[in-house]
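There are two complexes below, and they share subunit A, which is joined by subunit B in the first and by subunit C in the second.
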Partner chain A sequence: MPSLTLLGQSVVSGLLAGGLYGLLALGLSLSWGLLRLVNLGHFALAFLGAYLTYQLGTAFRLAPWFSALLIVPVFFGLGVGLHVVFVRFRVTEFTSLLVTFGITVILESVIQWFWTADFRRYETPYGTSSTRIGPLFVPTLDFLAWLTAAALALATWAWLRFTYVGKALRASAEDPEIAVAFGVNHRAQAFVVSGVSAAYAGVAGVYIALISTLAPSQIWAWLGVVFAVVIIGGLANPIGALLAGILIGVSESLTMAVATPAWAPLVSFSVLILLLVARPARA
Partner chain B sequence: MSERRGAVAAGLLSVGVGMSLLPMIGLPAFYESFLYLVFHWIALATSWSILSGYAGYFSFGHGAFFGAGMYTTATLTASYGMPFLLTLPLAGLVSAALATGIGAVVFRVKRLRGELFGLLTLAITFVLATIVLNTRIDGGPGVYLLGVHVPRLVASPTGTVYLLGLTLAVLTVGTSYVVGRSRLGLGLLAIHDDEDVAEVKGVPTFRYKLSAFALSAGIAGMAGGIQAIYVGYVTVGETFSITVPLYVVLMSILGGARHWLGPTVGAIIITTSLYAFTGGESAVLGRAVVALAMILVILLLPDGVVPSVARQWRAWRSRRSVAVDKRVTPSVLGSTGSFAPDGRARAAGSVTVSTAPRGDAQAALLDCRELWKAFGGIQALRAVSLRLDPGEIVGLVGPNGSGKTTLINVISGHYRPDRGRVDLRGGDLSSRPAHEIARLGVSRTYQIPRPFAHLTALDNVALAAIFGGGDARTARIEAAGWLEFTGLAARLAALPAELNLHERKFLELARALAARPRVILLDEVLSGLNPAEITSAIRLIQKIRADGTAILFVEHVMRAVLELSDRIVVLNEGTVIASGAPHEAMRDPHVVRVYLGKGHAA
Partner chain C sequence: MNVLCKAGGLAGVLASFLALSFATAAGAAPSGPPVRIGCTLALTGPLAQTALLHKIAAEIYVEQLNQGKGLLGRPVELIVLDDQSKPDVTRTLYEKLITVDKVDLVMGPYATSAILAAMGVAQRYQKMLIHNSFGMPHLAKYDMQIPALPFGPEPNRTIPATVFDALASTSSPPKTVAIVTSKFPSAQFISSGARDVATQRGLKVVLYLEYEFGTRDYGAIAARIKDAHPDFLWVGSLGLDSNQLLEAMRKLDYMPARHLHLFPAPGPLATAPDGKLALSTTDFEEHPPFTSSPAAVRFVGQFHERATRAGLPYVKVDAQAANEYAAWQVLEAAVTATKSLDDKTLTQWLRQNRVDTIVGRLRFDGPNNYGDDLTRVKQVQDGTWVVVWPKDVAAPGSRLLPP
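Up next, the complex of A and B:
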């Protein structure tokens, strides 16, 4: 049995890792829940954002928040462009999975072409800084990522809950035809959602570059975990995505502490499978 | 049809034998290796399409079954010294057992269709990879098979792998062809279009999905076993990579996942074009090109290459034959094109026999006793009792939301009642699955017609005839008879989307009749029809009853209710509030109050 400090530390790191899961899940949850499109390309976009942050930071010495200022609007545009294709070819919920699967493979190849398949690490002066609370260490960057995830989740929740656009989007997701009959312009808002979702992928990418090691094949490593988070959190439910991210993050890091790290993937996928089979009504 | 089956068998056999002679005449090892890869992908893609193409359950977990087979062979040969050829059937069995276990859980959950099924199978692949990596099966370093003895069937060392790959590919394509034309295949196609309706029309959906899943996984497992010897070194990273699910989906969709030959054509195209990008940096580019091709195919050719070409070919041939003799026989009838005008008489005649009152005429044919059904807090049925005698027409009326459609759904087995029983000639239906109820002689229509969208009108009706307990060989002739009976003789070859509402309603009726039911449940067949169409429909229903079939029909068109019903039953808020002769029941003060409001009751 590991010591209490080790357990406490793994709860803290799981909590913080959950922030990044929630951040990635947020964009995915929006497009799946509101547009009925399952976007596997979300992960590839996030990694494209991460590699861009890495490139701008190492080759041009650009600070990551400055990179974020560039990445967010560009990715918003990419998201809108993607949705133009989806609308043009009347892509359905299911074919979206196949098409974005293809997009992910293409982006993975592009990343591998430019940055090779080797592992890359973006070293920053503040990369290792942390705050000490009692016997526990809180890494600064992880904590920032968590704060960003929480802030975006809250803002998105408020956007969907209180603004006209948010209400219209929720109405369209329930019944597009009826919503149109009441004057909701679903198409215009769908572009906004797709853009926002891609921009969130960009934000997540900046943090992925800062926190973890980059390799093109890592795109697939996030996929299962984040989908588990999206489904557990409930579609188009920003707060749910964040909480589910924390749940998965903590249970994963506890598994790593109690068993070995290699078993960690089993936890999230098993939770996903159990949830799909036992409580499918949520999704 | 049998002529065509013979041609396909002969074609497959000659290709198989011809290709198997190649190693003997000294084919360079490089070509053997390349052709082996083509066979490998043909077997994998074709096996994937048996479940995912025919039934539409897209699996991203084919890599899991392929990997299970690969590791079965690797472990048994490298660690236990079992002869290689013996491990192949075991590899297939392990994968099939794995699929059966997964399917037995997953296929019970109705919501796990479409993209959720795809994600679930992908997650299963990751779980399996984690388990293999962390246990003694692999443990991390991978498994070497270099010392494993491979029996030499021909002179060259790669010849054995080549022949095994060829055999598996030919057998798999043959299996897919046979499945596609069997009862199983027809059932799977129906599941693809509308699983709930398929079940109600008598398709044992759970069993069929499970069989297709096990068959598909078993073949993938054997392909994995052969591949283990081919690569000689098995690792988790390579085996459970995204390559297998990506390629099988792409190959099948490119060629046509619902056509037996589609995956083969797709596999040949992709493997050959990938060959152009082998080695070094161009391998990365090759993957990107394959992914781009997949996107373009999905967006532009959703049906795949083979079905598109086949459509062009048929169109060209029919244009030619029109030019030759100016007469088109409906090609859907196949070799049974000699359909005679007396088909209707034959079909209708045999119905009289099968639905005529059997045994004790005094006992009710259908007897619902004290049925209760709640959805969450809404009590849809409260102690509803209703009986139906042979040849009787009972009208079921009541305001919207009174529980009429729920009652039909409970009788046909779509929902299970919370309490109470449904007896058909003494046998309890309430705990049986819908497809058994259909086979016992209860048939229904849907208020909004739900035909199988990818089957012609004739095939829609033939499916109901076959799964309602009919003979598969005469089903199409019978089906044509029923379509004529309902006035759709001219629309045999039409797809449901080409029919108007009136025609789709009658297709729905023909499909219900083709199962030769003893009891037929009609859910608002007349709604949306104009007065003349209603008149012809009323005549049709009277004709059905004349054959001895009992009819329970839900209807809002009062003229039809009063004209047709021997008895009516009035439901309100899930309770029977009146029943009896039509004019009396409708004059019941309680009924008048429910329909017209309080003021009219006096």
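Up next, the complex of A and C:
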């Protein structure tokens, strides 16, 4: 029987891991839900952001927070540029899967060419620091990632709910023709969403660099679980993405604590299947 | 004048000597159609980090061959295809190498599952397969497969025995052990053997866990290890699993007294703050007696140069690169001795003879062609790996340091 401390620590670990899942899912959820583009390249962008953070930190001794200030606007531009390509070639929801798969493979090769296939680890003095709360330990970086995910999810939710652009985007996603009839310029707003989505990938990348080990093939390691998070959370639902990330993270962590760690990867998809059975409208 | 004549005469002699040397060298240079040798390596995918070391080692060996006499006086052409870390792709590519590229010989890919896939193809076409990273000898049923990895026929028994012997030699041998292992086939196989060996030796196994290859978050696993609080932690890890697990434990303000990592990425673990005094297994490190032969010294130097040029963050030779090099030494020895490229002839010779390599003297006459287990225990000391057990091959002046 696992001890209460073990269970508590596992919940903390899962909660914080869920923050990173939510952070990665946020941008994907926006582009899928609002632009009807399933952007697999989101993961490659996140890892590109992670490698850039690593490079800026190790070669130029730039603090990751400053790296983020550089990466976020650059990635916003990348996202806009990517959307120009999507518009130019009239990429649809289905074809976006193929196109962005290709983009991911290309970006993976570029990363491997520049940084090699070998592991990269961005060592920082605060990499293993934690705060003790009673018998539990809260890792600093993981907690910061969680806070960032929560702040971005809340801000994005407020943006979509209370601003004109947000309402117009939701209207376009709901019924593009009626939205156009009401004077919504979906085309222009789509560039903003694509830019924001890529910028979020950049933010996730900064934390991936700080928390995880970098290898080009790791791009694919996050794909399954983050897709499950996006679907469970609901498309274009920032708060949903965060909560779904936490749900998956805690479920995985508890599975590791009370059963066997090898079963953890099954959890995200089991939760997804259960949810789709219970609420088929999400499918 | 006399001096000039003498100088001229000397120059003439020197020139004649150089011309003769050149002619001799030119005569020895390999010529004719190349001997084509094919293999796949995981140049992309999750095994790419380690496969890259194999590629560099193989290229160095082929370059050395071509700078010398080649094989049977012919130059050697190495064909390396990317199997993407996928056994199914490996299988297809070996088919291609044998039936389309029509290579003369094949060498093994990297990692157990890929080698198993290649072995099936080699068996179908009756090709000899020399491999150097197959960790499950009981599955190597093909009689023309030659293991250059000195694991012995039962690494699940002998490797843990070597490790526990080393620990037992210290003043405070562990009484409890936690075993946490990746489900990667060879790591899981050897680690489950470690559980049996530990139990047989009277150690209490307080935790046994298996995790999926590619696990991202080690927080809960670290919490379970902390909860079990073992004297000794055995991690059946690959690549950076170990670093991630150690970091996760550090975040919980916990570190086991002793910890061993089966197949870690050597550089990151040696240089990580939590890697201090970490243990691992090996069959080659960059110090005597392993670097006693000229071949080893030459290889180490060339590897440093190539790995630096390739942009690798850690350029030291460890077991992975050394085993690849040893595999090529095995191939060259067989071809040179038999003066043949016939797969059956080469295999037959290898099964009857021993070959000196940089990892030791290898034999292939045991069960499933496996010979002796030459596994050593190494430890991170002052930021670098040194062999500490058995004592006769320990780095000069080194011993297994207590926690």
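Assume the second predicted complex is superposed on the first by the 274 of 283 C-alpha atoms of A that agree within 3 Å, B and C clash if a C-alpha of one lies under 4 Å from a C-alpha of the other, contacts with A are read in each partner's own complex, and residues count from 1 in each chain.
Basically, a contact is a pair of C-beta atoms (placed from the backbone, for glycine too) under 8 Å apart; a residue touches a chain by one contact, two chains touch by 3 or more.
Since the model is a prediction, treat every value here as computed from it, not as a measurement.
A.B. asks: Which term applies to subunit B and subunit C once both are placed on subunit A by superposition, clash or fit?
C.D. replies: After superposition on subunit A, subunit B vs subunit C: clash.
A.B. asks: Applying the touch criterion given at the start, work out whether A:F182 contacts subunit B, subunit C, both or neither, answering first, second, both or neither.
C.D. replies: neither
A.B. asks: Is A:A262 touching anything from subunit B or subunit C once the two structures are fitted on A? First, second, both or neither.
C.D. replies: both
A.B. asks: For A:G224, using the defined touch cut-off, is the partner it touches subunit B, subunit C, both, or neither? Pick first, second, both or neither.
C.D. replies: In the superposition, A:G224 touches subunit B alone.
A.B. asks: Between subunit B and subunit C, whom does A:T5 touch in the aligned arrangement: first, second, both, or neither?
C.D. replies: second
A.B. asks: Classify the contacts of A:F66 with the two partner chains as first (subunit B alone), second (subunit C alone), both, or neither.
C.D. replies: neither
A.B. asks: In the superposed arrangement, which partner chain does A:E252 touch: subunit B (first), subunit C (second), both, or neither?
C.D. replies: In the superposed model, A:E252 contacts subunit C only, not subunit B.
A.B. asks: Who does A:Q112 touch here: subunit B (first), subunit C (second), both, or neither?
C.D. replies: Both partners, subunit B and subunit C.
A.B. asks: Looking at the overlay, does A:S270 come into contact with subunit B only (first), subunit C only (second), both, or neither?
C.D. replies: In the superposition, A:S270 contacts subunit B only.
A.B. asks: Superposing the two structures on chain A, identify the stretch of subunit C from 116-124, 224-232 or 332-340 that clashes with subunit B.
C.D. replies: Stretch 116-124 of subunit C has C-alpha atoms clashing with subunit B.
A.B. asks: Give me the intersection of subunit A's contacts with subunit B and its contacts with subunit C, in residue numbers.
C.D. replies: 108-109, 112, 260, 262, 265
A.B. asks: Please give the residue numbers of subunit A that touch subunit B in the complex, ascending.
C.D. replies: That would be residues 38, 85, 89, 91, 93-95, 97-99, 101-106, 108-110, 112-113, 220, 223-224, 227-228, 231, 260, 262-263, 265-266, 269-270, 272-273, 276-277, 280-281, 283 of subunit A.
A.B. asks: Taking the complex as given, what residues does subunit C use to touch subunit A?
C.D. replies: Touch residues, subunit C against subunit A: 43-46, 48-49, 51-52, 85, 183, 209-212, 214-217, 219-221, 223-224, 226-227, 239-240, 243-244, 247, 250-253, 265, 268, 272, 274, 310-314.
A.B. asks: Using the touch definition up top, name the residues of subunit A that touch subunit C in the complex.
C.D. replies: Going by the criterion above, the answer is residues 2-3, 5-6, 9-10, 12-14, 16-17, 108-109, 112, 115-121, 123, 127-130, 132, 137, 139, 142, 212-213, 215-218, 221-222, 249, 252-254, 256-257, 260-262, 264-265.
A.B. asks: For subunit B, which residues count as touching subunit A in their complex?
C.D. replies: So the residues of subunit B touching subunit A come out as 58, 105-106, 109-112, 114-116, 118-120, 122-124, 126-127, 130-131, 133-134, 242, 246, 249, 253, 281, 284-285, 287-288, 290-292, 294-295, 298-299, 302.
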